[in-house]
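Labels for the chains are A, B, C and D, by order of writing; each one numbers its residues from 1.
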Amino acid sequence: MILEGKKAVWKDYQKEIAEDKYYYVRSCVRQNFFPGSETAFLKIMREELNKDVYEHPCHTSCTGIGYHSDIVPVETTMTVVARQFALMTEAGYENLMPSCITSFGLYTEILDTWHHFPEVEEKVRRQLKKATGREFKKPKNLAHSSDVIFKFRKEIGAKAKYKLINKETGEPLKVVDHIGCHYAKMFPSKGVGGAEYPYVLTGMIEEWGGQIIDYPERRHCCGFGFRQYLVQANRGFSVACSKEKFESMKPFKPDMIITNCPGCPMFLDRWQYVINEMEGKRYGQNGEGIPVFTYEEVAGLVLGYDPWELGLQMHQTDCEPVLNKIGTDYSPEDKYNLDISPSYSKKHNLINV
Amino acid sequence: MGKHVVVIGGGVAGLEVAGQLSKVGIEVSLIEKDSNTGGHLNKWYKLFPDRRKSSEVMEYLNGITVNKGINLMTDTSIEMFNRKRDHFSIVTSGGKELIADAVIVATGFDLFKSARKEEYGYGIYDNVITSADLEEMFRKGEISLTNNTIPEKIGIIHCVGSRDEKVGNFYCSKLCCVTAVKQAIEIREFLPESKVFCFYMDMRMGGALYEELYREAQEQWGVSFIRGKVSEASETIDNQLLIKVEDTLAGRPLKMKLDLLVLMAGMEMSEGGKKIAGIGGLRTGENRFFAATDNHFGSNKSDIEGVFYAGTCTAPMNITETISHARAAAIEVIDYLKCSN
Amino acid sequence: MDKFGFTISTGRQIDYESNDRRIAEYIFEREPSFRLCIECGGCSATCTTGNFTDFSLRELNILIKRGENEQVREKLNKCMLCGKCTLVCPRGVNTRNIVVLAKKAFQKSDEYAI
Amino acid sequence: MNMQFDPFVIPFNIGLYFILIYVVTRSVIWFRDLSKPDKLRLQRGFFGLAFGLSLKEIFMESLLHRKILKTNFRLGYMHMSLAFGWFLLILFGTIEADIFGSKHLNAPYKAIFFRFFNPHHGRMGFEAAYGFLMDLILAFILSGLVLAVTKRFYSKVVGMKKTTRLKITDKIALTSLWLIFPSRLLAESFTSGAYGTGSFLTGSLGAWLATFLPAQQMAYPFWWLYSISLGTFFILLPITRYMHIPTELFLIFMRNSGIKTGDQAGTYSEVQTYSCSSCGICIDACQLNFSAGITNIQSAYLMKAIRNNDDVSGIADNCLMCGRCDQKCPVGIELSPLRMIQRRGGEAENDIRNIYKGYFRSRQTIISEKAIGPSNYNFLPEPDQEKTDILYFAGCMTHLTPTIKNSMIKILDDSGVKYSFMDEQGGVCCGRPLMLAGQDKEARELINFNSQMIWKSGAHTLVTSCPICYKVFKESYYLDVEVLHHTQFIKRLIDEGSVKMNFLRKKVVYHSPCELGRGSGIYDEPKDVLHHVSRLEKCNFEDENSLCCGGSLANMKISSQNKKKIAFDAVNELTKNNPDILATACPLCKKTFSAVTETRVADISEIVAEALITKSVKKNSASHTSSIKQLANI
């Protein structure tokens, strides 16, 4: 591996990321997959980085899942997205920051479509007006929330309580980054580092002391693929995709996996359990699985947040190995009896959910 | 007849045409951007189809140019050139102005920058090289990996930067297939223990003796040809290259580990050529090469009277064709100079 | 597994490393013209057996070379050895011998794993 | 003085009694292994005409070597002088011993070493005359021996291009054989020299030797040498090619008793294998040898490989099965059938060659699928064929030469017979190619399929255009219909007058296809037809001696380049006095030849169709309309 080569590629794929005043749109599925992530993100943005992040209560799904499952026609999707833009415009924000990779991909795709086919945009504007009476401005800047964390990785690194380093050996943790397909595969120029050698997560990990490992099936999809997962009969294919990745990364002995997509952590995490149930295979070291994190969770960990506050107990593949390696101080016994009494919240200065 | 012709580019075409013109007593200035003439020929070890040393061709070209009263200007590029009534004024990088009765553009080609096919990881993975790099190894007389071991399984990918809309090249570079076959054979000669696999979209063995070479590669050297475009390469933990391709003839995807991956870089309009096109206002085609006035009987003529093309600045050509094209250019020029009297 | 109502699907991918190409090697050794096939499909087009079923010598050739032996095994036995393929082959591949050798190779591999 | 015994005769006696016992045991084993009917045949033969015939043949072939004499005089003379000469020597020697010996009916050695035991014998009169005869015979043998020795080192002497290579035991046996007669000569000469006896050869040589050598002392060691070389030769005989000397007698007798080579290894195939004297005539006859330069697979080598229990598959598969060697073999061994047996056998495991194996080799049992793997034709449809009188089967190869097919349709339509085209849409292979690959069981499946088609059609005649199909239809299908090659069928139409044709002023040379000519013995009909329509010319390779086109399906191993070489040489021979048309009667020959010559190559059916005077076509054929269609797109 020649790092200079990669750096050269990364240079070609810089993207503009807004400084402040973000209009944050949540993901549909992350709320119940790993609810801690978005909470932690907001806390980091607001409290650690003091940024203005606005959430609109009327925000809805972007229908991405429906769109990619071929059950919502693109025009409908566009109109729904137009409404999101309208809400943002009304709120007086211009920097759209979706939490979901698929939403990000979808917004990018739609904006690109409108750029090439203005008449479509016009039609959508008319439809939105007719349906809701709303009007919208297109976002000035569109960045995925992982882009933003990437932008401020140094600031976070400066505040970091822990580093992604094995405190026994002093070795950097070996980290596998997994980028959601819709992040850059459709529009390489819209992703930090492009589609072939994405830098967005790599940047964070390097900054926070970890070491990224590059393995053959890096590009491979986690297997969510909407239709593949949603239809039970197709799940065999879905899990096979994850398995392909695990088999390929195993020899590199990764300590953890970091992801920037709602679906990927879910499937990379849960499928490890399923594969183990079906074939008795585990891919981590000494008989464990490979812990899977979202980038917000990792950021939270390095900033020293309480793992259970980050919702790591929601992971099916235990995260403790990593916690122990980086030396997080946590109370194992609290894992499943987390009492969210105001007192506890005070003690752990929990932001009000 | 005391005419003066400026030839831009000292590659095969430039040298040939310069030689031909000086033969009939025309004063020739040959402008070469590099410090020595010969262009890509210098990089190549042996040539298809007969695997003769490229130096032999170089000897021939020197034979018709060296000490033939040609005014050779190396390390020189063109800053300006425009038509003044019946002649051309050319300003070189040295600030020198040349007055010419005719100009021959022989700016040749550049090899496709293989790093642009990111998925093959040229410049990123240790043991991904281009056809040119391989020739370099041949000239050094040793094929080895970055860890100085000898490769056992070598893959050759055809059509890198050719027939590929993704990199904006729709055209076929025409020489890569036969180069691949030639290099496959040479690899087997160097490394009798090695296995060589060629991944092709079509085998375009158009030229004389190409097919015979292809057959030899299969029969005598046991080179395997697999039909399918490699989609991606990645490095394994033991520093091998894992490639993914569809074996289109088996109708199945195929996964294979290789020690060395050779990319058959295609031909593109040279940077120098683009510059000339800009300052000289010369028309280029969709393939970005210079556009001649007629595909059949005007392949040396530009839209500007007195400006002619020679060689691969108009389209991918092998050396044989380049030399013929250059000779044709010489005839066109002589003809033009006669009439312009 | 019933527990999940689905099983992990296996891919169609040819894994060159894990495939066993000894059958191919056996043939290469004894019939060098096997290397000359350019997969033109002339043999399959004229094939007497191909007239009745999906048997294709071209396909067979490539499957042998890739080491997809189990598929080859059952297809192989459909050949009638009539020799039309040999007559139409533009590259002079001794197609009949390939089939005969492949059969022998399988026989051997069954007896004492070549 | 008259000795009765001397120790030097012991080696000879051992050898003699050993070989006698061996041959007897061996023949008992052979007889035991015979199938019941063959046993009967043999017994009937023994008390029948066959016995007489055999004696005659043994005399003509085993002793005089008439056939070899015919094909190659010098080689024949060599074999004759040794075989016949030795026979006479023994015969007259015994008589001599009986007449002049001290008493009658002596042990064999008395006859062989007569001179030693009766040194004074043969001084004058009738004795001398008899001695002269004996010397004459000895001289006769020695002359042959000289040829044999020179052949070894320079085979051109006996007019042969190739001579067989030998294995070590052969070499020893050969030397001992060579030593026998010179040593006898010297032994007798010295004795004669010492006692002043002997005739023109031994006498004079002995006298001369005696002038400068102590003849008395010299004689004895040579008698030893003579005895030893005889003994060695006899003992080695069974594991060398010289086993052919006794075996050939069995072969001749069995053949005359009407025993045939089956498709399994058995007594008869083994007897034939051992009857091969490796004379090498088959090597000269083989086109793989003189056109393609393949010189290690000819029948002589096959026979030897089998005798040595070598793995023969490499040899067995690399043969055109043109049958030229069968025709030429002086011993009349059925070489092609023997080769087929080996093909069915596949790759035999190489046998450890201990002496016992050499003397009593285990016979390779043959199971087709074991060697080659099973086939599976369950994809074939339900056979179904409309009713008709005459059934036309073009065959796979003919489908690749549509002009032949179309010509036949034209002729059939014009002849007015009621026919149906069996494999119009491309049928099932006849099965012969599988058989040639040694896969009889698989072939059976195809044969059954086609047989049912034929039976369903209720036809009384089956016409085929391809000699390969013809041979298998004729020999391996058990049909109650008459099978004709189209040349025979056309001949019949001409004789019946049901087709009329012009005489084409064209010079034609006929190439007789292997499977049709040597394979099925059809030589005349094709030529008659050609005579009828064109100027048929002679060529150097007619009938039994005709060449193979090289395209034969029978050779599994041959490369396309070598096929071309053979075709090229054959064509050059056939087109020597440049004919207008090179006629053949096999689609495969046509295809092979057309690839290598400028001369027009045409199947007889094409020439006939060309010369045909078409009548107003009657509607009489089921496949008539479609056949017109085919005519249209020639």
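To be clear about the criterion, a residue touches a chain if its C-beta (ideal position, glycine included) is under 8 Å from a C-beta of that chain, and two chains touch if they have at least 3 such contacts.
Computed from a predicted structure; not experimentally measured.
Across A-B and A-C, the chain pair carrying more C-beta contacts is A-B.
A comparison of C-alpha centroids places C closest to the centre of the full protein.
Subunit D has its Cα centroid 64 Å from the Cα centroid of subunit B. The centroid of the Cα atoms in subunit A and the matching centroid in subunit B are 46 Å apart. Look at where the CA atoms of subunit A average out and do the same for subunit C: the two points lie 47 Å apart. Chain centres here are Cα averages; for subunit A and subunit D they lie 84 Å apart.
Contact between chains, as defined at the top, is found for A-B, A-C, B-C, C-D. Subunit C meets subunit D in the complex at residues 31, 33, 46, 48-49, 51-53, 55, 74, 76-84, 87-88, 92, 94, 96-97, 100, 103-104, 106-107. Those residues of subunit B lying in contact with subunit A across their complex are 115, 118-119, 121-126, 232, 234-237, 242. For subunit B in complex with subunit C, the residues that touch the partner chain are 203, 215, 218-219, 222, 224-225, 227, 247, 249-250, 252-257. Those residues of subunit A that touch subunit C in the complex are listed here as 232-237, 239-240, 243-244, 274-275, 277-279.
Those residues of subunit C lying in contact with subunit A across their complex are 1, 3-11.
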